[in-house]
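Presented below are the structures under discussion, each in the form of structure tokens.
Here subunit A shows up in two complexes: once beside subunit B, once beside subunit C.
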Partner chain A sequence: MSLALAVLRRLAGTAVTLLVTSFLVYSSLYLAPGDPVSFLVRGRSPSPAELASIRRQFGFDQPFLLRYWHWLDAVLHGDFGRSYLFHQSVGAVIWSRLPSSLLLVAVATVLIAVVGIGAGALGALRRGTRTDGAVLLLVTVGAAVPSFAAAIVLRSVLGVKLGWFPTIGNGSGLLDRLRHVVLPAIALSVTFMALVTRVTRSAMLDQLGREHVEVALSRGTPRFAVLRRHVFRNALGPIVTVSGLLVSGMLVSTAIVETAFGMSGIGSLLVQCVDELDFQVVQALVLLVVAAFVVVNTLVDLVYPLIDPRVARRAGGVR
Partner chain B sequence: MSTATVRVGVGRMVRRLGGHGWLFRVCLGVLVVFVAVALLAPWLAPQDPTVGDFADTMAGPSAQHWLGTDQGGHDTFSALLEGARTSLLGPLGVVAFSSVGGIAVGLFSGWRGGRVDAVISRVLDVLFAFPSLLLAILAVALFGKGLGAPVLAMAVAYLPYTARLVRGLTAQEKTRPYIAAYLVQGHAPAYVAVRGLLPNIAATVLAQSTVNFGYALLDLAALSFLGLGVQPPTPDWGAMINRAQSAVLAGQPLSAVVPVMAVVVAVLAFNVVGERLGERGTR
Partner chain C sequence: MNASLLEVDGLTVELPGTARPVLDAVTLRVAAGEVVGLVGESGSGKSVTARAALGLLPPGARRAGRVLVGGEDVLGAGQGRLRALRAAEVSMVFQDPRAGINPVRRIGDFLTEPLRLTRRWNRRRAEERAVELLAAVGLPEPERQLRRYPHQLSGGMLQRVMIAGALAGEPRLLLCDEPTTALDVSTQAEILALLGRLQRERGLGLLLITHDVELAAATCDRVYVMYAGRIVERATAAELFGRPRHPYTIGLLGSTPPLTGPPARLRPVPGTPIGLDEAAPGCAFAVRCAFAQAGRCDQEVPALLPLVDGADGAGHAAACVRLAEIPSPAEEVRP
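Entry: the complex of A and B
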């Protein structure tokens, strides 16, 4: 019962956060210099009918909060406005580019999970050895390698010099798409891999030093079982906690990676629409990334008690 | 934490990283060199990096062009030196604004505690949802390309990190006897917070600001790489990488690799120095 209450409380908190962030994203339009209508149609020569439809869509004769409410209502129904660059609805523009970005993020996520957790665990288990030193060095360097740097090096060496991978575009067909996505996914994952490795290593070191691990080992429980059941399971909490940061960070970084590899996706769309003054698409994409962060963080908080039942008991007991 | 445990901790770090001491010193030296280059760039640069020689594009290293030229015939070595100015000035702005703002918000929040603290913490939580690069891109969409708006936007994005750190440290430090002693002597709370408490947490805050500097440099370089930050002909590392992409595809990656290395080395140095300062600060 109290757990259900904690879940409800958390969901309410999420709703408030989403409301506040959406309000901030919406009102950012009014920070722009000049009048919002002329700001939205900058660099284009709209017909009087189009201007009238913009005024109607935004309801510029209404009070600010009411305008926000109408906008929010439309957004919740999937209507993000109109792209003046593509002459389509913003939703359709984003929707057509979302799959390729999701493929990129998914491949990068697999890389981050496998390499990050693997290297972190390796470092923790071989603590103080040369292997651990190498892991630590990679973490320090990896955290300083931005995705555009990784993109330039990968593209130059594996793409242009060796010709193993295509250097531009998305490709067509499943296999070709995967071949096109390998280098961008590596470039996208480097920084985040370093983060996950560091978190995994320190979380596992923390668990390895605990008494219950020593007790389990001294009672003759097989080492692998102890590692899986006691060390890794308890270390999973801190690792999962950074996933909100990972998701929003990767979505933003698709802008860099997709631009670097000349791919089509929501990242390159964001850059293009900033470049060509299509503000409503920019606004929708910003909202999307921020919402993804908030939602993933909520999911993490809701899943956390399943990983670590002590959290659920604490949440239920104290509050 | 007693000095003994600190010594053990540092000793372990030294063994682990093959001498954390020398790494720290090398990185500090790198930062000093970078700052010196940025200050002296106009006198150090052998050529004007804004003037391209179209008869000599994508050249390899030579006596005339130490690091070759890019596809526009600009001297890469000179652009690297002059680019240090904008590449370091932007992050300096971000760190200055975010540190001052973060310290003010964190000190106030941690000192007051209670409801004010809870409300400020919620607001900071909301700000955490906006990645710094995304906020910078939004600022460009609203105010146009360049450095000004993105620097301010990123200061807002970095502020919560400093504010949260300062808030935690302040709440902890406030319970110490010397604070009570100051207050009993009749000093105003604002005076005690700024003159009494702040100096004692300054080292840790400085460490955070140093790490932030590295990440801000990285974000601003990314922004210029996307063509949304510093605009040519102003030399800037991110903008250099952006322009050098066609040279990379043509198999002459040197004009891209040079600024990439500069960014990576700078960020690495700021991270290492910042983290080491942080270890000292927690003593």
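Entry: the complex of A and C
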């Protein structure tokens, strides 16, 4: 099968996944407790006629599938409806908060990649030494620390006590924003860093014991080149897979961290809109989070044959 | 005799936590243009010997003795010298090319790596050499093979790539560690024929490791027989095959199915070799030897004694205290 066809098939699969997701998202919110109409009329006691008119105005009188179809049609045209809470289009509400969350996720991703892969590689190369022991200890501790706990500790020590970093808000201007995002990014990435460290360490140890590594050394290839070209290169498969999985799910985790640091972003918006039953926004956010997950993992899948050519054949894709 | 390409001199290698050395005073030489066999059962130390010639000892190993490649001391060499030796003087064909060639890199990468990284050749020059090498080992469409991945080649083709890779630096000494064991029977003969041809064409010194003593006798000039880390017999192939002297060799010859003819004489050497956790104060073969004699064989390690006077370290020799009393069963083993 040709490469283009394999890619197309994968993309079609992704589209179907997103469609199914959109249906589940739309329907599950209507099954949730709490009637959106009662939210709209909160604080007043409308007459039955008024209620009926509101229902008609927002389309609640139509059959469910038809409502879904209208919603999907609008979504596909970029219209996610209006937020009850902010009296703005949902798109505008999300758009204004997306950049700060993306910055947070990006910084956290860099931290995960640099620290996680670096520490994992260090542990593998110094296997059984005190350095390796320290890495393993940090992995165990890091994996056990929930991000809200990390947030509290980071805020009180690095933020409040030492005053190195601001502890609240988003900041303004690129540099100030970066300063504001450091602590939240660390809090967000601690658990993930630990996982990536562990995967890196074990994948590299696995490769270090392989015969092809010994063969490379036996041919006079410099040690560093062997580590780069054979050990790390071959360990990349599991590392990329796990990192992709973790990073793609990270938008959800911003909820806790952004709330803890009083930042405005996708995560804190989600918390707020769930609290206030702003269904249109919640729907769009859930869809966004799932789409990010699916898209990133599709990308990882598409890149994977470049990392391990054997997979391409097994998947019936690139020859 | 020619100057030795490989000279292993009283090499003893001990691993932590073991009762006996992995290699015990191993002495062995390979001259230029000579094919030398190293035969023995699994675990006898053949691979450790060959790796020592590359300066690759197991981590944590204690060692004594010398290993010279082209007159240069391998075990004492610094990293830089060692790399230069590996890239140009001595190389190894490993047993399983599927495990020995990085599965995620292209064949071209495998072939050009030592040329580009150690010899600092540019890509074009290295790839031209790689194409020549692939043609020399008989792979069709060499240019196309450079772009392929190991999983796209059969085991036999991949072993040819492994051999081409070993020849990349034009070494004078080639170590072949069971080069055909991982292949199917029809391919085995082809690979052996290829190695024989390359050895003759290039005048290589070749150390062929195998557990098949008949194969060694058929393809080698001289053969060393190894048991539990010791050389127990050495001889020219004809001598060893015609007049084996050590009881272990006699057993081995009896236990190998002949390459041709009916396998009627197949009788494996009874028992199993001793492990690294068992000490061998006397002859390591004693527990399995039909000629073993309490009070003699278990007292001291039998020395490898020349059977012919004036042998210069390459003639027929065997390590058995009862050598004089054991008749060589040449006629019985070999009709």
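Methods note: the second predicted complex is superposed on the first by the 274 of 319 C-alpha atoms of A that agree within 3 Å, B and C clash if a C-alpha of one lies under 4 Å from a C-alpha of the other, contacts with A are read in each partner's own complex, and residues count from 1 in each chain.
Quick note on the criterion: contacts are C-beta pairs under 8 Å (C-beta built on N, C-alpha and C of every residue); 3 or more make two chains touch, one makes a residue touch a chain.
Given the structure is predicted, the values throughout are model-derived calculations rather than measurements.
With the two structures aligned on subunit A, subunit B fits next to subunit C without clashing. In the superposed three-chain model, the partner touching more residues of subunit A is B, compared with the other of subunit B and subunit C. By the document's definition of touching, of the two partners only subunit B reaches A:20; subunit C does not. Shared-chain residue A:216: touches subunit C; no touch with subunit B. In the superposition on chain A, no contact is made by A:77 with either subunit B or subunit C. Of the two partner chains, subunit C is the only one that A:307 touches; subunit B does not reach it.
In the overlay built on the shared chain, the residue A:87 is in contact with neither subunit B nor subunit C.
Using the contact criterion defined above for the overlaid structures, shared-chain residue A:274 touches subunit B, although it does not reach subunit C.
Between subunit B and subunit C, the minimal CA-CA distance in the chain A superposition rounds to 14 Å.
Here subunit C touches subunit A in the complex through residues 51, 54, 56, 79, 82-88, 91-92, 94, 96, 99-105, 109, 113-114, 117-118, 149, 151-152, 165-166, 168-169, going by the rule given at the top. Residue ranges on subunit A touching subunit B, taken from their complex, read 17, 20-21, 24, 28-29, 31-33, 128, 132-133, 136-137, 140-141, 143-149, 152-153, 155-156, 160-161, 167-168, 248-249, 252-253, 255-256, 259-260, 270-271, 273-275, 277, 279, 282, 286, 289-290, 293-294. Contacts from subunit A toward subunit C in the complex involve residues 210-212, 214-223, 225, 229-230, 233-234, 237, 307-310, 313. On subunit B, the positions that touch subunit A within their shared complex are 12, 15-18, 125-126, 129-131, 133-134, 137-138, 140-143, 214, 218, 221-222, 225-228, 238, 241, 244-245, 248-249, 251, 253, 256-257, 260, 263-264, 267-268, 271-272.
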